[in-house]
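Supplied in structure tokens, the structure appears directly below.
Chain nomenclature is as follows: A, B, C and D, assigned in order of appearance, with residue numbering initiated at 1 for each chain independently.
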Amino acid sequence: MSDKHALPATLTYDPVTDRPQEECGVFAVYGSEDAGVLTALGLHALQHRGQEACGIATHDGSRFHVERYLGLVGENFTSADMPQRLPGNVAIGHVRYSTQGASVLRNVQPLYSDVRGGGIALAHNGHITNARVLREELVSNGAIFQSTSDSEVVLHLAALSRKSKLTNRLSHALKQIEGAFAFVVLVNDRLIAARDPHGIRPLVMGQLGDAVVFASETTALDMVGATYTRDVEPGEAIILSDGEMRSERFSPARAARPCAFEFIYFARPDSNIGGRSVYEARKEMGRQLAREMPVDVDVIIPVPDSGVPAALGYSEASGIPFELGIIRSHFVGRTFIQPNQDRRDMSVRLKHSANAAAVRGKRVLLIDDSIVRGTTSLKIVRLMREAGATEVHFRSACPPIKFPDFYGIDMAGQKELIAANMDVEQMAAKLEADSLAFLTVDGMYQAITGGPRNDRAPQLSDHYFTGEYPTRLMDHDRSLSAKEFQLSLLVDA
Amino acid sequence: MSDKHALPATLTYDPVTDRPQEECGVFAVYGSEDAGVLTALGLHALQHRGQEACGIATHDGSRFHVERYLGLVGENFTSADMPQRLPGNVAIGHVRYSTQGASVLRNVQPLYSDVRGGGIALAHNGHITNARVLREELVSNGAIFQSTSDSEVVLHLAALSRKSKLTNRLSHALKQIEGAFAFVVLVNDRLIAARDPHGIRPLVMGQLGDAVVFASETTALDMVGATYTRDVEPGEAIILSDGEMRSERFSPARAARPCAFEFIYFARPDSNIGGRSVYEARKEMGRQLAREMPVDVDVIIPVPDSGVPAALGYSEASGIPFELGIIRSHFVGRTFIQPNQDRRDMSVRLKHSANAAAVRGKRVLLIDDSIVRGTTSLKIVRLMREAGATEVHFRSACPPIKFPDFYGIDMAGQKELIAANMDVEQMAAKLEADSLAFLTVDGMYQAITGGPRNDRAPQLSDHYFTGEYPTRLMDHDRSLSAKEFQLSLLVDA
Amino acid sequence: MSDKHALPATLTYDPVTDRPQEECGVFAVYGSEDAGVLTALGLHALQHRGQEACGIATHDGSRFHVERYLGLVGENFTSADMPQRLPGNVAIGHVRYSTQGASVLRNVQPLYSDVRGGGIALAHNGHITNARVLREELVSNGAIFQSTSDSEVVLHLAALSRKSKLTNRLSHALKQIEGAFAFVVLVNDRLIAARDPHGIRPLVMGQLGDAVVFASETTALDMVGATYTRDVEPGEAIILSDGEMRSERFSPARAARPCAFEFIYFARPDSNIGGRSVYEARKEMGRQLAREMPVDVDVIIPVPDSGVPAALGYSEASGIPFELGIIRSHFVGRTFIQPNQDRRDMSVRLKHSANAAAVRGKRVLLIDDSIVRGTTSLKIVRLMREAGATEVHFRSACPPIKFPDFYGIDMAGQKELIAANMDVEQMAAKLEADSLAFLTVDGMYQAITGGPRNDRAPQLSDHYFTGEYPTRLMDHDRSLSAKEFQLSLLVDA
Amino acid sequence: MSDKHALPATLTYDPVTDRPQEECGVFAVYGSEDAGVLTALGLHALQHRGQEACGIATHDGSRFHVERYLGLVGENFTSADMPQRLPGNVAIGHVRYSTQGASVLRNVQPLYSDVRGGGIALAHNGHITNARVLREELVSNGAIFQSTSDSEVVLHLAALSRKSKLTNRLSHALKQIEGAFAFVVLVNDRLIAARDPHGIRPLVMGQLGDAVVFASETTALDMVGATYTRDVEPGEAIILSDGEMRSERFSPARAARPCAFEFIYFARPDSNIGGRSVYEARKEMGRQLAREMPVDVDVIIPVPDSGVPAALGYSEASGIPFELGIIRSHFVGRTFIQPNQDRRDMSVRLKHSANAAAVRGKRVLLIDDSIVRGTTSLKIVRLMREAGATEVHFRSACPPIKFPDFYGIDMAGQKELIAANMDVEQMAAKLEADSLAFLTVDGMYQAITGGPRNDRAPQLSDHYFTGEYPTRLMDHDRSLSAKEFQLSLLVDA
């Protein structure tokens, strides 16, 4: 009999811990009286890039207006008085997946600061890899930080720059930072959009009537009805001022090397990156996987929703039927109480349930876009067996993930990456799969870029699989060589 | 220039108005010390049947415990003290789509009443078609109603019954009501599960160790790990008392005639109804549609998510590729401000966006499970054309919906049903589709039951398509013949 | 050192448990287009009679509108759309101190019910002493109760009455109940105001232009600018219908016998009861106390705020200076964490602090309106000593409270009443007071009525002091003679 | 008839606009394991000094913990896990009346900043009169401000100071600011308490066992059981570090010149300032007023609650009876809907009602602590006449307020100060009073300091009455001589 006085076990749904988390999306409009309203719509289309917080800043010709909230765009930027609350012809916006806990509103973007000559509002997707080094130096010189966000160093560098023009001060700041970034910045009524020297994070430009629009993904251009013009180039800053557009470089010209994971998981399938359809790339990764790693099964079953395009591609190339063998609930049940008498792990069922009609008595191939820690994968393999699958095979539509990211993706640490700690055979045993295989690195390149990896100048940021990082990692190297330095003495509520 | 003082136009996402709404799901457990906890898990699996409110009642051997909330199960029944708050070995639960506005907590179920001999708690899926007639009579005899819910008449009929045993009083009440219903009722520590005389609404029984479980759908049995025993039969009441189970009939034996829309749209694809897999039925409707209504196109595109199984079936039968040509956002944006300068209807984009890579330059066939008003269908046809489709055809995986429901489904009124007011050609023009076709009634029967419609004893409740209602419609006939009678003089906040 | 793992002690402010609680106030308007708005203002003036919940019902000529909330009037009935939300020329309202826990919204008044011939909305101050007996009989006959409130029996009695006119059915119901009550009732667009046969609870009538107003206290008439007409008489029902007023009796004519505690504590000092100023009565109780129970001290210090008028009277009659020796905080701090190292009881300080300048080195006389349990009294005596008082004497401006109330006052049970369990000397020791004395019963009568108690026909309901209850106590006698019967099997959340 | 479509007039209670607002209170503890818990209790005792926001910062030996909230202390710092959430032996706290709108959480104190060598948390009562000038210079040198609070300049000055020890850097900052201030500051685990060079704002020190406590008022020492040690001196900084206390001066020794309004209105009556009981000072102002400005009336009636002590003093000195002629509601009703048909201004009644029994037929003298704009005074005079007073005289227990404050008191601007714009006769007419008189400046000095004003070295900050400000007003002079400079370009939500 159960002990009524013991705290009941709880049953937590945990996909968050088993899936990399994109940290941000940005959007901006220059030259439309609807700038604030359009930015809300654009951010809604980028909501998959960050659901914990959102913010919009506008400039009305004389003053800034900033609103920042925890929660979704659709919960916070839909009231009828938005045009009055966020007036102006220029706007920037941000969605964020906060890694520092839900309550830290002070880290929500756009960040804002009064500076000599006016004000700067800034939204950032990515990660500055020398932010801690810069911050330590700034604090030591008397700077006061309002957040623990790496993005704030840009504000300080611009504030401290002795250049006379404010836009020049921002360019001055951009030259001092390293890493991956897509910035949209309001400098009074001027808009600056800038992308990191390697083009790791995506940033596209579009046209909407007379207005210019910037977004992390093309799907946000589609949402507001803008037409895609071009990608912002690596190391390029595009400045809109007094109705004129000009382009500046703050680093040498270089081919973009976009993050492979945008293609694999983060970007919406209806977006294009560097002109390549994300949906097509994913299907092709599935087709390539079928060619590289065939298996004799009765049905192809995607791990929903992210495994669906690759599974369609695999089915197409292999001729094996595609079935919805797993039903995903859209009602999130973060934590339920685990029944006392139940000895199974029920947590997977809160989100996924087996469709026995498609599974029972079949040899099943599960396709997922990637395997990070493998914890959910194991639960899904077991779910298939409980539903009557006679064999359960597993394929990952990307290569084994062996190295962490330092460019704004909150993936597990290296110790938790299953592929960093086991070979494929061990992983198959761990996942209790009858077979396990991964797409090869060259297969991935083939699917995304149409050719093999150029090892001297790789076309993608593929450090997850190769360990080759496109930039120096100054903060990281520092904390490995010395003891970890603390970002702030403040423990926030 | 826009008038800053005018109220800005708002941009509302409206799938709710273009999709029938199931009004409820029920779940019950008898004989487990985890009854309350299991009921929460079971209701989570039934959340798709009603998202506006939820409630659980338990009996601890001497007293009842009831908690009812607006909102989702996962928001309300997950705290660690649930076993203390909802103690007892017997529980019933309810999820509800409220048609009377979000704030009417007094209508949320389970309903409860003290009666002579104890108490009754009751949860109901369906609709009692003579509830208003009964209510009028009860009020005229001095009964005081606490809700405007049709379910409350059952409580009053049981309270007023002069039978000596409480369970007999409930049976007495069940004999007086007409319509569609699946009831789970606590009469003190006894549990009664009852299904309407025609088996219109679903209700299944399962076993979990020594405990007996009832649920609207088999997926909820899977969630808690229970095994399916059988369906509750039409007109049957199953009574669990003192550890014993017995079955009673309150109407003559008759084959079940389940609601066709459970197969078409409402039930989860991983559920079985009357032993038939819902997923398989939907795929087969797609295959049948391909056979009946072929069309020469390049790609099959489902209207997500409900059109997916039928589209897979159509693709399979026709050999035409299946593509995710429409991406659905899972972030609900109910209302956004419409930009002033935009002349397009952007509302569809808040939920659906075209995946141009799969659509551009192609002849497209859209497949949806059904067409109710046609308003969303039109928007999606336009979305496809804007994305570059050269032709856009449309197929509905169920027959034309011409008649309203009176059994608990909140579908549009007859005036709003597009198929009740136009022929197929007119509808195609209205939807701006290059062609439009519907599954035939016999094709639907073939897919669901494996044979044609038996016109003398139809195997399904198919009044949506045929106008043949399985029961009398006493309230409805009364309000057509006389002036509509008012349910309550109270206008609720 | 403290144990960091131990639950820290909490520090709770508890005046609520040491002060009788009035349970309700009522207000009503007939014949003003502002009926709802005026009722909100009137209820605000009666807020001291109940702070846990409030509600207003109006009738717009064809339908009822009811809004009920937990919380204060000023938090719930102030929005600009009130006239639209609560339309009509007739309104009733209620403020409530709920004894059944904050969350039981179903017990908040006005109660409402559809009945044969229309609807009834009802608000009640007081307590029906045969409500349980009536309820048991009603439930046994099939009635379903929506609340555990004693007031609901009136709705059922009226609903079941076979009288043809609805107002007659209400009168029929009033004849069957016993106890103390002031009712304001809407029967469709008619207003009925009724007071119990002994006039225990107060109810006054006023005129505001063409409109008629009813209220528990005259201060609410002042708030809306109405002029006092007269008290509703004991056993009288005043009916306003079709613009006409008529008076009916449902019990024999009898002099009112108002509750003594309205004069002592409950009513606002600026109200009049039966023509007597409450403020004047309280001052006179203080003067009388000075005459009856003199003491040689340096200063008179009221226990704020309720002891102030009596202390002013005592000071006036004795010539001893009145000083604000205790400062009361208006910021409620229900629960704070008790510091680990502190051994004093700090809870009293959350609400009261000593004004040492008025106390140090002085012989102090504390005056309070009454002593119920004595727990706060003790803390205040200690507070005075800590602040440097050389002697601390205590006087209660009413006689010793020895008997509980059954007419709607939530006073402590008899076991907790200090005067029911100790003689004056024991009480003085318990309160650590240098002397203690109470006003005599005749002194109280003298102060309130201008003469001694008429023992054959007491002019007040004075059972607190005498044990002579003005009515039978049917429910109470029943539960003493048999085992306590349970009101409901439902344990509410 | 009323126009149903017009927005109904609202009825707003406005004492806030007619009463000066103290902006802050501070509290600090050094050397107690209960530091956080004691600070919550201390702040509760200072709640009258600011009700819009509150915050506590502690240091646990290695890190800071800060929690800041909108709302009352009792609403935010009472949960049982406070000792875990705010650990450490040293704590500072702050209550604030925010003048910038309720939502500006970024302005709530304690402010915090990482700096070279550690961190600084700071709480401030008062106003820095050269904050804008300093801020402009700091921003121009690249500083980024996180708030618009004047207090933040201190953080920046300390962060930029090149002194090596952190406490020295804070002293360096204190030397650069002007105005009125009481600071409690955590510099890592050191506590610094500092008071402005003129001692305008109060700050006292107490002892609690081994711990040292600082507070804005002595009543907060009483709350936590600490004994008063002494006032912090003007221009003194007391530093607690490594268990040692030392005192430093950052300005020349000078007698304190406390703000007269602390005695008149702000401080709690049970506090002492500079050894003088506030309650005694107020009573004495009343006695002095009776001597200076006698009048032949029947009753003395205080404007509650702040006029009570002066009215008691006036009554004592004049021999005229003191009566509670106005009853104040403690239930705030900020905004109610004004009835359509009512032509009176009902707003005063939401807070004050006449006690006719004490007023009718009497010649009344109203006593208030001060008259700022006179709007409420006028309403109260009318209230007395409506209640039947035959004459209504008015006396202010402080001299006429002719000049605004710049030291942290949010009083009306000079244009709104009635005494700055009218002579006494005009004011009497405006207030519709039969006579009006004010305490003289020397009378006020007599009551507070025991002697007349020393014109060469006034003992109080009395600029309200005399226009003699104790300090330069650099920001103010600058904005008068040039155009007003803007604090920030950001319009906050």
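Before moving on, here are some points about what is shown:
Here is the rule we go by: contacts are C-beta pairs under 8 Å (C-beta built on N, C-alpha and C of every residue); 3 or more make two chains touch, one makes a residue touch a chain.
For reference, the UniProt names are A, B, C, D = Amidophosphoribosyltransferase.
Predicted, not measured: the structure shown is a model, and the values here were computed from it.
Of all chains in the assembly, none touches chain B and also chain C. The minimum number of touch steps separating chain B from chain D is 2.
If each chain is reduced to the centroid of its CA atoms, chain C and chain D end up 36 Å from each other.
Between the CA-based centres of chain A and chain D the separation comes to 49 Å, rounded to the whole angstrom. The geometric centre of chain A is 61 Å away from that of chain C, both derived from CA atoms. Across the assembly, chain C contributes no residue in contact with two or more other chains. If each chain is drawn as a node and touching chains are joined, the picture is one closed loop, every chain linked to exactly two others.
Checking each pair of chains for touch leaves A-B, A-D, B-C, C-D.
Residues 62-68, 85, 105-106, 112-116, 118-119, 139-146, 152, 155-156, 159-161, 188, 488-493 of chain C touch chain B in their complex.
Contact residues on chain C toward chain D in their complex (touch as defined above): 1-2, 4, 7-8, 10, 32-34, 37-38, 40-41, 44-45, 47-48, 51, 72-74, 77-78, 80, 82-84, 209, 219, 222-225, 268-270, 272, 277, 279-280, 308-309, 312, 316, 321-324, 327, 329-342, 344, 346, 349-350, 353-358.
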